[in-house]
Structures are given as structure tokens and as C-alpha cells.
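Across the two complexes that follow, chain A remains constant while its partner is chain B and subsequently chain C.
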Partner chain A sequence: MLRLPAFTYEPARSIAQAVGLLAQYGPDALVVSGGTDLYANMKQRLFTPKVLVGLRSISEMRFIAYDDATGLDIGALTTLRTIAEDPVVNARYHSLARAASLISTPQLRNMGTIGGNVCLDTRCNFYNQQEDWRQALGYCLKKDGDVCRVAVSSTKCLAVNSSDLVPVLQSFDATLHLAGPTGERAVKIVEFYRDDGRYARVNGPTEVVTRITIPPPQAQTRSAYRKLRLRGSFDFPLLGVAAVVRLDDDGVCRDARLILNAVAAQPVEVTEAVRYLVGTRLEADALAAAAECAYKCGKPLDNTSASVLYRKRMLRVFARRTLEDLRHGI
Partner chain B sequence: MREKSPYDLRASARGIYGFFEMMTAPPKILAKFRLNGDEIECAFHPNKTLLEVLREDLGLTGTKHGCEMGHCGACTVLVAGEPVLSCLTLALECEGSEIETVEGLARGGNLHPLQHAFTTCGAAQCGYCTPGFLLSAAALLQVNDQPSNAEIKEALAGNLCRCTGYTKIIEAVALAAERMHESSDA
Partner chain C sequence: MPDAPRHVSTATNADIEAAGTTASVNAKEPEGFSVVGKALPRIDSYAKVTGAAMYADDIALPRMLFGRLLRSTHAHARITRIDCRAVLGLPGVVAVATGEELPMRYGILPSSPDEMVFAVDKVRYVGEPIAAVVAVDELTAEQALKLIEVDYEPLAPVMTIEDALREDLPKLHVESRKPNNVHKEVHLAFGDMEAGFAAADRIFEDEFFYEGNNHAAMEQHAAVAEYGGDGKFTIWTSSQTPHYLHRIAAAVLGIPASNLRVIAPMIGGGFGGKTEPFQHELAAAHFARKTGRPVKFALTREEVFYAHRGRHPMKMKIRTGVKNDGTITASHVQTWLDGGAYGSYGVATTYYSGALTPVTYKIPAYAFDGCRVYTNKPPCGPKRGHGTTQPRFGFECQLDKIADALGLDAAEYRTRIAVDPYSRTVNYLRITSCGLRECIDAAVQRTDYRKKHGKLPRGRGIGLAASTYLCGAGLPIYWNPMPHSGAMVKVDRGGGVTVYCGVSECGQGSQHMLAVIVAETLGVDVMDVRVCAGDTDLTPVDLGSYSSRVTFMAGNAAHDAAEAVRRDMAEAAAQMLGIAPEQCGFANRRVFDVAKPDHYTTFLEVAQAAEARFGTLVGVGSYTPPENLHGDFKGSGVGPSPAYSFSACIAEVEVDLETGEVHVEKITLAHDCGRALNPDSVEGQIEGSAYMGLGEALMEESSFRGGLHKMPNLLDYKTPTILDTPEIEAIIIETDDKEGPFGAKEAGEGPLNPVIPAIANALADAIGARVYSTPITAEKVLKALEGADSGALRLRHGSPARAEAIQ
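Moving on, here comes the complex of A and B:
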């Protein structure tokens, strides 16, 4: 049996109680929601917290609300399945529901939450391994070692952000709401991640993500998400592409966003692509030019399954296909 | 044979470390839940997964352990009617919940229609994945007694089988659904 290290478990019943427990235990404590990422990592001794603060009983963090004026408000404990099946999310933020439905497996989507998903630990072939394996290698920069095994000369950790929801949330300009010992604050998702797999999130260990808000979609907004993986189930993304466009009444693109994930520790926005999309009717050559920008922007490294060359080439293909999805509607 | 490296020594010391970890584990806690329809009270360490408690503390070895990392679905059980992975669920998080394992599928000595259909179709070879498949399928048939092939595949997308292959398993679920639907009509 692959066992969890020993810890004590403190269930929190409210956000205030969770924040209080985190302040009390300091660096000895970690929060857990669905546990689908954390427990697997703890079994590999990537984390050995003395105390786990369980969030799952905090009912004030489990909701989805929509208002035409303020947009979507999702409690951090909302499960991936609830998001994938929610009619409002499907209708107004299509790519969010789609991305949630593509995560892992039905069982894991019943367990995993959006709060855990945005706080998913960065992943790497040299990190997500059993302790004996990592020990035999002499560990790595992200955990217990001092050399990055992906690129020995790298001073920062190159593990990737493998969340499927994060690029989509960024394409919708989402805001994360945090509660911590010094009160509450809101952070735009673009500012939430850093380009270093070791310190990939700006929230401290004592700050809990309580909810996620997304502004109301403007009229004629279309969104799409595509995920590259080897199997149609189970797998983390080898590449995620999220795209949003706003069209005017004549079908001319007025605004666009294209975001890549699973190629770096933070999502990569293809800002150049906007220039080739705005003002077009998403004709094939505009999409090809935008896809070319994605190809140049995304720099996958040898740290997930499938070869770097394949993932690099699929950047162009998946960026184009995602944009084609938008041309066809949704 | 490979020379012993300092790492091997450290790795074998983990055995002792593991024992140490066990001896210094926080005390057991007592939790109550409903298991296959019965009220159960059980004491276990807080770091035990539901899978460990079912198999080791309650002797219900029908729930299988495969990868224990969320990658195979062999450990699938139903909590509040929904399929979840018992290898990534803490037993204490199930306090007060309704849990169903493969041992609870048969009623009064009669196999569940899914179990019948699996035998009719030859949907199990080694059978290791079968309990997990049965529970994922049971959860589907609870809410949808006329599933399409695509719906069956989607519901079973979190269960791996390394020997039977999936065709017979999908056929078995379709057959069970048909039989259950007919008997509910009658």
C-alpha cells in the first residue's frame, strides 16, 4: 500500500475558521479541498504537512451564482462536475464547462474542486515521482535538490502549470478572491501565477481562495478550449489552448484572446495573435497567422510525456483548431 | 548485481522510518458512516484512506487497490451515490456519509443485474477491475436507465481494464440497462 504520511486533520466549518486554523499552525499546515492533487502528492512525500485544514464542510464556499450585471461567481469548493454540467456556465462561458468536462475522469471530477484546480501544484517528470525515484536521481530544484533536471543551467524551476481551467479563466479575465490573516483581497488571475515552478502562485500558504468571479460576457462572445493529451481520459494536458473572440453584428472580430497552458509555470498569453484576428471574419489565413504566433510563443520543454518536438508542432495545429471552433460558433 | 549506493541504504532505512512514522502517528479517531446500508462505527488513524479502512479495518477486500494514485479506477466506490476514488479519499472525510462498495450490490442473495450481465457477456477476465467498473456503471444506471453507448463509455472513462478490453464491458452495461428497464416496465 502507498500510504499517506501522518498528520492531524482539522475540519473547518467556515472561511473565518479556516483562516484562523492556518494562522494558528503556520507553515505546518496545508489546506485540502478534494484532495485529488494533494493526497497523491503526499503519497509521494512531495508534501508532509503536520496538519491538514479540511475545507470541504464550508458550505459558504460551494455555490454558483450568475447575474447579468456582475457576471459569474463560483465558490472555490464547487466541483468540476458541477461546473461541467451547469446550464448557465455552458451557455455563457462555454469553454469553462468544456475544459472542466475534459479534466481527468468522472470519479475525479466528482471529487476535484475549482479552488484546488487553480492552486494545482506545478508538474514535471522529474518531480511527480515516488521518493525513492527522486532520491536515486539526487532530487531536483523544486523539491530537496539544487539542480533543475530539465535544464541543468536553469536558475528557476521549469515545472508546468497543468490546470485545464486556468487558461480558460484567464481568457475570461477572472478574478480570484482570497481570504487570509490580514483580511480579504482580490487578485486578477493574470497576476496570480509566476514564471517559476517552485513559487508558482502569489497566494501565501495562509491564504485561501474563497471564490472566483468572471465579468459578464459581452454580446456575441464565443469561447473554445482544446486539450492535447495521449488518451481521451485520465491525462493531464500536454497542451491547453483557450480562445475567446467578440464579433460585431457583421461577424467581424472586434476583440480576441488566445492563451496557452502546460508549456510553462504560468499560462502564456499570445498577445501578438490579436493583431491578426481583429478586423477579420476569422478567415483561414487570419487563423493560420494567429496560430503561427502561438507556435512562436509556446516553448515546451522536456518535462511532460510526449516529445518536445511533437508538443511544439501541435501548438500550431491546436491553436488553429481552437480558433476554427470559434468560427463555427459556440 | 548492482553495487549498493548510499541511496539504497537511505531507501532501506525508510522501512524503519515507516515503522517510526506508524508508531508516532496521531491517535485513532472514531467515525460513523453508513456502509452498504448498515450503520458502521470504526476507529482508524486520521491519515488512512477510505480504501485502507475498507480493506484493512473492515475486511471488505472487494474494493481493489491498483495504482493508489488516481490513475486506474480499481478503487471506485460510491459516496452519496456518486462514484469516487477511495484511494484519494480520507476515511474521516466520509463521516456521516452513505458509502456503497461492491459487497453491497447483491441484495438478499441475488446478484445485481450488472453482475449478472457481466457473467453473461464474459465482461471479466482476471476480474481485478470489475468492482470499480460495476460501481461506476451502477451510478450511471441509477440516474439513466436507458444510456446510449456514448453515455456508457463516458461513465466508464475513469476505469481501466488491462485484460478483457472494453467492448464486452460496455455490452454488459447495455444488457443490464435493458434488463433493468424491462423489469421496471413490467
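Moving on, here comes the complex of A and C:
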């Protein structure tokens, strides 16, 4: 990697100050918290902001609170490690803690934050490359070019959402709270992402994700997350599968959600799967049928490690195994 | 493979008689070493653990400038115009250079002088340096590169071995006399091949492919150069071979070698990736002269992938004839090497891909055809196990297939056909000490291999493989009659001992090995010894840290040098103790009467008495390999070594039959290192080999897409993490080689070789099907699982086994 390009670091002490700085510098500025995604991307010259607005010192954004009535409220600066280790998260939103524990490495989980993770830049191995490399390629739709290198006929960028937390948060119906120059607003996570890797999030450059809320889990809710990757650490998901079910007292599934990630610019909800799960006791054939829906739904492209065929094939296996995890509890 | 007459050696086997009777280079110490064999902390460990150790990129000199290289954005193109005029207008830029300023073609091997510091007229891979800028800081230099205008006329890139063999594609090197992009062909045969295959009951033929990979050393290459007004240059650089850089840099810069000093500071891992001159080193020196200021070039990780010199992708065809009891009657190895754009060590790699196959098992007739091609990719070169790792993968996989087909126990079979100590191979290589059988036996015993192999539940497997490696190449890379290694030992009047030797410390522990050998010889503590290494001004020449030569060759030179000092000191001590010099023992900082150890004087007192009597206490030593190591035929220079190490590896794996993921649970790796001068260091090398082998076996690949390296970074180029690394059990086998220093051989490269086929064989045991190419990805495992039955069927019917296709 190259060294970081020159930039000015403007530390913000409060949300209001951060929003003010962003408004002041406009498109020249980006926000940074843990920097685990942004700094690496800057070293590849994917971003060359003149100003970085540092959020690290905003204490009002660093908390985890839980209330039986309102649910979980997580400040955007909460580190991935804190989430992975938090007892309430582990007990009530198990897959969220699990997904956080599977992100990258211990060092990066100490620095990376949930806010940064939900704002992770979409990834593609035609894009996440050094400047020279992209110049040799002729650039791409996402940065400096006008052709998508994954599929030349595509009019939108096919980079993928590689967050481990996003599909889980979506499975819990999380809401993102944004602060911007015109005040605060709340956006359901399902509405936060777009199906275009270049413009993958709805928040504008002057809007900061300040906190994330999740409704309280209903009784007998179980959640699971599985991640396909080539190594035991470091790697972004080649496929992420998040699942949540709610069982009744007889162990019959009353509600289910199955969400895939790292196969498109936004999470892919396998809505078809629900009807194969609801009303069952998660028997093997029900899980297989739901997994088959995931297989049909997920359409990986040749822009991450491992081949398309392999990732496609693993959709079925990982979806089934994630659902099997739910049968066993948690 | 084009038909060309094979060179059939006419050398007689008369020199085989010499085997085993070679005069010992070193007199062996009697019983009881005081330093050798002890697991002592390395002399460089404190500096490395605390971060105090100096690497090339740590060096900062006053007024130093920073350089960046402009690299080609085309895989294959003519350069029609380079315009650098705008560059000097950028504030902070001090100088710019292009290829005409350094027009000499060079190459690490005198046979392949095909590289230039900056490409002129033509570029041959994406990432090839074309020009460079030096500026007051790196960011300015980087910005300046954008101002250089280059016009290209693209040519069709040649990206595969198959394409390189075609005659209708552009040649990378138009001056080559070959009609296609073949760089080097080798055809050798030993023994009676026809009779050998005629005598076979069964003939096995398999094809394999070994993927290219990078060394991925932690330290990215860096160089700092300084030019004094007196015409003298100094280059500090992460080089495993400061001596070779010294020779070539002097020639490229057009200066007498005496005006150049090359210093190799601590090096953060080499593995063969820092063994030849690199553009950034030569550019640093050039700019130092041009600007009169020190200049640093530090490569980024991406640039390391472009500098490359990594393992050659290799296609292999192996045909072996055996009797029904498994005895090998003949073997024919064919290799095709994807060399990348330049020669590098490729001629040697090509020979190595055939030379060492007969060193492990008795093969009475052996033929080898090798062919290295040029492709529009970063040049391949030597990586740990240089050229022998790929065919070892193929050969050991085939041996397991043979054992399977003939109903033989794969371990017993290997020990039965293993070469004997003090023997000579059919290709005339001299084997001295050999612990191959002991390695296999030890690994088998530790793992209960016999109880497990073929008997574990589906999805679990255990696999064995064995191998050999050199203890230094028997011949230097440029012909000369001088020693391969020189050392000087100085004892000062304060009792301090300094060893001067040209070796390069790339993390393998070369400095510590020299310290151990000298400390043992002089009877001092290993921490009393200071090693001054890798400095062409201060240290006698050592050819470098490659081909696992340092402990054996530099070790012998240092031992000789220490012995010379010891002789003077023994004379002085004898006088002090009133005994004969040969009665003097040296240990624990004392010189004593061996018959009466309580009768002693201190090392310090002896040092002072000896200096008073003889003047400055210095001893010199050098090492030249014996002459009877090889046959007399073209190409006989690659493969011979004064000794060979031997290794056996057993891998135990669990395979996820649904995902194809291979989880290696344990690697047991036995290695015959002659004698472990420091068991901790040997175990470290064995563990590192297991780790590196694991990566090569399962994940590492230098893959390309449309002329571009697909993943020139350490996030996408996969090397194992600690979570992927299994329990590793290192077993040291000692054979006390007659010619090694205190009996030592090598441990740095050999243990890598059996790891890859052991994992492949364990996989085959687990799933009943085989993957014929590396890396053994989950996807390939799934494919093998689906085709498993047909392969097994053919074996049962007894027809020659053959891979369906190169995967």
C-alpha cells in the first residue's frame, strides 16, 4: 500500500460539531471513526478527502443500552469487540454478537465500530486495488471509469456489501439514526441500502449515523449467522447468511427471516423461504426447501475471492446450516 | 515438448567408489559440546523483539531523497514515447530517469542477461519499471509519476504455458532464437530408460499442476544508496545476496566493484525473494550519483508482487515404471515452467525441477525434460525449495497412487526404496549422510500412521510424503574457482570474539549459527560472539543466503577461521599451563588441560597472552565444496551439493464433504538436519516450513486475469492465519554429516517440500479421490469428490493411472 495521502484531521467533540464540520467542508470531507476500512481505501487512493472529520471523541455516540420495552440502542462508535462481548447482545441478539466476532481480526475489531461497519464501502476485486492497478485496468464504474468490469453491460456498479453486521441487523429490523444539517432522521435498515454499489447508501455526505436501534426480541426468538470465507480470520465474507426465527410454545415456527449478504450491493432477503419455514418445526425438509430458495435468490458475480460457481453452490449449504443452527437453539 | 536429442551422459560411475570415503573437512569434537545442540536464545532475538533491529527501511540519512518507480500499465506493449519534461516542474522533485541512462542488460545468471533497470522500447508485464522519480518525499515522487507521459502500442499478451509454446503469438524477447516464447529446454537421461520401462510390471503416468506463488515475506524490499564525492557508493538493501548485487550493480553503474559497498542489514524474511538485483536497488544507486544525495526506495506490497521472483507455476508429467513389489525400474519427469517475463534464476529452476527427484528413492533409469517459457507476468525465480517443490508434490502423490494400486503400505514402501547413505544417484549426485528412513519411521511412529491410513472414516485422512534438499549449491552461479564462503574471526584483548562473514541474516538465524560454531570452537559463550555480516567492504565473500547453504558452507568457513585462532591461543595457553597445545580444551570461557579440567586459565588471559606473542589475533577460513559431487555433462552443475537434508511429513486432515474445505489438524514433520546446532532454530525452521507448505497446498496462488495480477495484496492473496495453522510437531533427526560443521546440514528449505504432497495424500485418504493441482481449494475438492468413483475404478482394473486433466 502507498502511504496515506495528505489530509487535515478535524476532531469533533459532539454530534453537532461533526455535522457542522461536514456542512462546512462539503464534498471535501469524509467522516472517520475506527478507520479500518477508510484508511486502507485511502492508501489505495480510492478516497482522497481533503478533510477527515474524526468522530472518535464523541462520547455521546459510544454506548450500549437495553430496555425491555424499547429494545437495544447502540451508539455508532461502539466497537465491534464490545458488541461481540456484550452479555445482553449475546443473550438477546445472539447472531449480532456472533457476526461481530467474525469480522476481520482482533486488532481491527478493537478499532472498528458498528457505525463504520454499516457504512462499509462496497467491495469488488476490480475496485479494491491500488491506483496503478486500476489505471492498468482502465478504471471502473465505481471509481474514475465508465464501465463495470464485472459485467460490461451493467449500467450499475456490482460491488458487494461485505458487512457481516448488516444482514443480521436487517434480520432484527434495526433502524439507523442519522444526524445531518437539517436535523435528525431515522431510516429502517432495509431502506438504507441501494442496489447499486456506487451509490450504495441513502445517507448523504453530510449525514452521520449516530446510533442504531433494534426492537426488543419477542419470546422464543432464535438467531444465527454464518460466514463463508477462505481463512479463519481477516477475510470479508464471500457469503453471509443471517437467519431469525420465532417459535411458539410447541416449537412451531411462527415467524422467520433469512437474509444473504456479500452477493449484491445490498442485503438480499430470501422472502420465499418464509413460507417453507413458518408452521414447521424446522424439520430437515423445511430447511432444505428454504435453503433452495436462498440458492435461487443469491446471484454472486465474479468480483470477490473464490469462484462464482463455488459461492453459488455454497448458498444452499450455508443457508441450510444457518437454519440448522436455529433448530439447535440460541 | 519439442523433440530434441537428449544428452545422454557417458560418465562412468567410477566416482561412486569415492562416496563415503571423502575426507572429513572438520575434525569432530569429542563428546560433550558446550554450545552446540543447546536450545539457546538467538543472539539477535533481543534486538528483534524490542524493535531495535535495523532493517533497510529504518535507515534515514541526512538530506535523503525518496524514489518511486513508474510501472507499466500494459502486460505486453511497445513503448513509443516517454516524455518526462513536466516532472521537474513539480516543486520537490529532484530528478527523473529513464532506461537510456542505464542501458546495460543484466541478469542474475550470466546465461540470461535480459533485464534492464528501466524498460526501454518494450514492456513485458504490468508493473515493470519504466522510469523513476526522486523527490523530497514519497508523496511528491508519487505525484510526479503522474506527470510522465508514456505512449504504448499494445501487443498480444502471452499469459499461459500453452500460449508461450505457440509460434503465432508475439515473442517477448525478439532476440531469442527460438520460434516461440521458450526460454530454456533441458533434456537429460541417465541409465537405460528403455530397458527400465520394459522391465516394469506396471507403468503409472500422471499429470500435475503446481500454481505459482509469492514469498510473501513480512518485510517489503527497500534500499538506500549513498554516493560520496570520492566516487564510492554504498547500498543498504534487503538482499539475501549482497555479493551478487555487488558484482552486477558495479557493472550496471559502470564503476569498478571496488568503489561499491553493499550492506545487507537485518532482512525481514527472504525465502528466495531477495536473491537478485532489483530495479529499485540499482535505481537508488543511480539517483544517489545523479543527485549527490542519499536516496531511498521502499517497495509497497503491490510492488513486491510485481518484483516477484516467486515459485514458478509448473505443469508436470511423471511416468514411472515399477515391479509388482513397487521397485522403481525407470522414471521420466517432464516439466513446463511458466517463467514470467524474464530469465531470473529460471535456467537453474528448470534444472532443479528434474535434478533432485532421484535423490530420495532408488531409480535405476531416469529421464528428465524441462521447458521454461516466457509469459507476460512478473518474473518467477527461486522460492524456498527452488524448483524441487513442484516435482516433489507430483512424485510423492504418484508414489502414494503406486502404493495404493499395488496394495503396499505407503510408509514401508518408501523406506524400502529409499536411497542409502553414502551412495550415488543415477544422475551422479553424491549422497552422504541420509536419515530419510529414520525421518519416515519417526513420523509414522508419532502419528500411528499405519493404524490410521486407509482406515479412518470418510472425510478424515492421513497422508505421508518425503523429500530432500541441498545444503548449498555445489557450484556458484557464475563460474569461478574461488571459495563459496569466507570468514574471519578476530579475538580482541578484552576477550571479545567477532566473526566477519558475508552472509545475509534474513531471519533464518545465519548469524546465530556462525556464533554457535565459533563459540563452540573457542569455548566461549554464544553471547560473547559478535557477528559482522553482509557487508562487502568489511566481510569476506559469502555467496549469499540461498540454496540452504549458509550453515554448511559459511559454517565450515567460520569453523576453519575459529580453528586458526584457536591454534594460536592453544600455543599460548600450553605455555601458561605447562602442557602440550593439543592437550588444551576450550569451554566455558576457559582453556584447560583436557586430562585435568581443573587445571585451567581464563579465555581472556589466553587471548592477551596470545596477542602478546603472535600479534593481532585473527583467523581466516574459507569453504569450497569438494569436486566429486556431480557427473560430467551439460547441466550437471545444478543439483550437486556437498550434502542433502531429508524430510518426512505426515498430515492429518478433516474434510467438510459439503463445502470441500480442508482442515489440516496436525502436521508432523521429521527432518534430518545432520546435527541441530540450535534445536530451537531447527524447530523454528520446521514449523515455518509446515506453515508455508500449508499455504502453498491450500490457498496461495499468483493468479492473473486479463494481464493483471488478480490479487497483489495480502488481503486477497491468501496466506494462512494462525487460526488456519494446525498443531505442528517438529522432529529432529540427527545423522552427523561428516562434512558439515559439527555434523550439521540444512534446515531452512528442505522441510517445506514434503508438506504439500503430505496434505494432498491425506486428502486422497480422506475422500478417496485426488486433486492434481495446487492450491487444493475447496472447489477442487468438491469436483474431485464428484469424479471420485471413476478414478478408483481405473486403478482397480490395473490400467495405467492418469489424471483426467490438469485442473
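We adopt the following convention: the second predicted complex is superposed on the first by the 329 of 330 C-alpha atoms of A that agree within 3 Å, B and C clash if a C-alpha of one lies under 4 Å from a C-alpha of the other, contacts with A are read in each partner's own complex, and residues count from 1 in each chain.
Keep this in mind: a residue touches a chain if its C-beta (ideal position, glycine included) is under 8 Å from a C-beta of that chain, and two chains touch if they have at least 3 such contacts.
What you see is a predicted model; the values in this text were computed from it and never measured.
Student: Once the structures are superposed on A, label A:107 by its partner contacts, choosing first (chain B), second (chain C), both or neither.
Tutor: Touch partner of A:107: chain B, not chain C.
Student: Considering only touches as defined above, state whether A:16 meets chain B (first), chain C (second), both or neither.
Tutor: In the superposition, A:16 touches no partner, neither chain B nor chain C.
Student: Given the touch rule stated above, what does A:54 touch, chain B (first), chain C (second), both, or neither?
Tutor: first
Student: Which of the two partners, first being chain B and second being chain C, lies in contact with A:132: first, second, both, or neither?
Tutor: both
Student: Would you sort A:7 into first (chain B), second (chain C), both or neither based on which partner it touches?
Tutor: first
Student: Pick one for A:91: touches chain B only (first), chain C only (second), both, or neither.
Tutor: neither
Student: Who does A:65 touch here: chain B (first), chain C (second), both, or neither?
Tutor: It touches nothing on chain B or chain C.
Student: Name the contact category of A:39: first (chain B only), second (chain C only), both, or neither.
Tutor: Once the two structures are laid over each other on A, A:39 reaches chain B alone.
Student: Take the contacts of chain A with chain B and those with chain C, and give the residues found in both.
Tutor: 1-3, 5-6, 105, 132, 135-136, 232-234
Student: In the complex of these two chains, what residues of chain A are touching chain C?
Tutor: Listed in rising order, the residues are 1-3, 5-6, 105, 125, 128-130, 132-133, 135-137, 228, 230-235, 305-307, 309-310, 313-314, 317.
Student: So in the complex, which bits of chain C are touching chain A?
Tutor: Residues 71-74, 126-127, 138-139, 142, 300-302, 658-660, 699, 706-713, 715-716, 718, 720-724, 777-779, 782.
Student: What residues on chain B touch chain A, complex-wise?
Tutor: Chain B residues touching chain A: 5, 7, 10-11, 14, 18, 21-22, 24-26, 45-49, 52, 65, 68-71, 73, 76, 82-85, 88-90, 92-93, 136, 154-155, 157-160.
Student: Any idea which chain A residues touch chain B in the complex?
Tutor: Residues 1-9, 35-36, 39-40, 43, 54, 56, 104-108, 110-111, 131-132, 135-136, 232-234.
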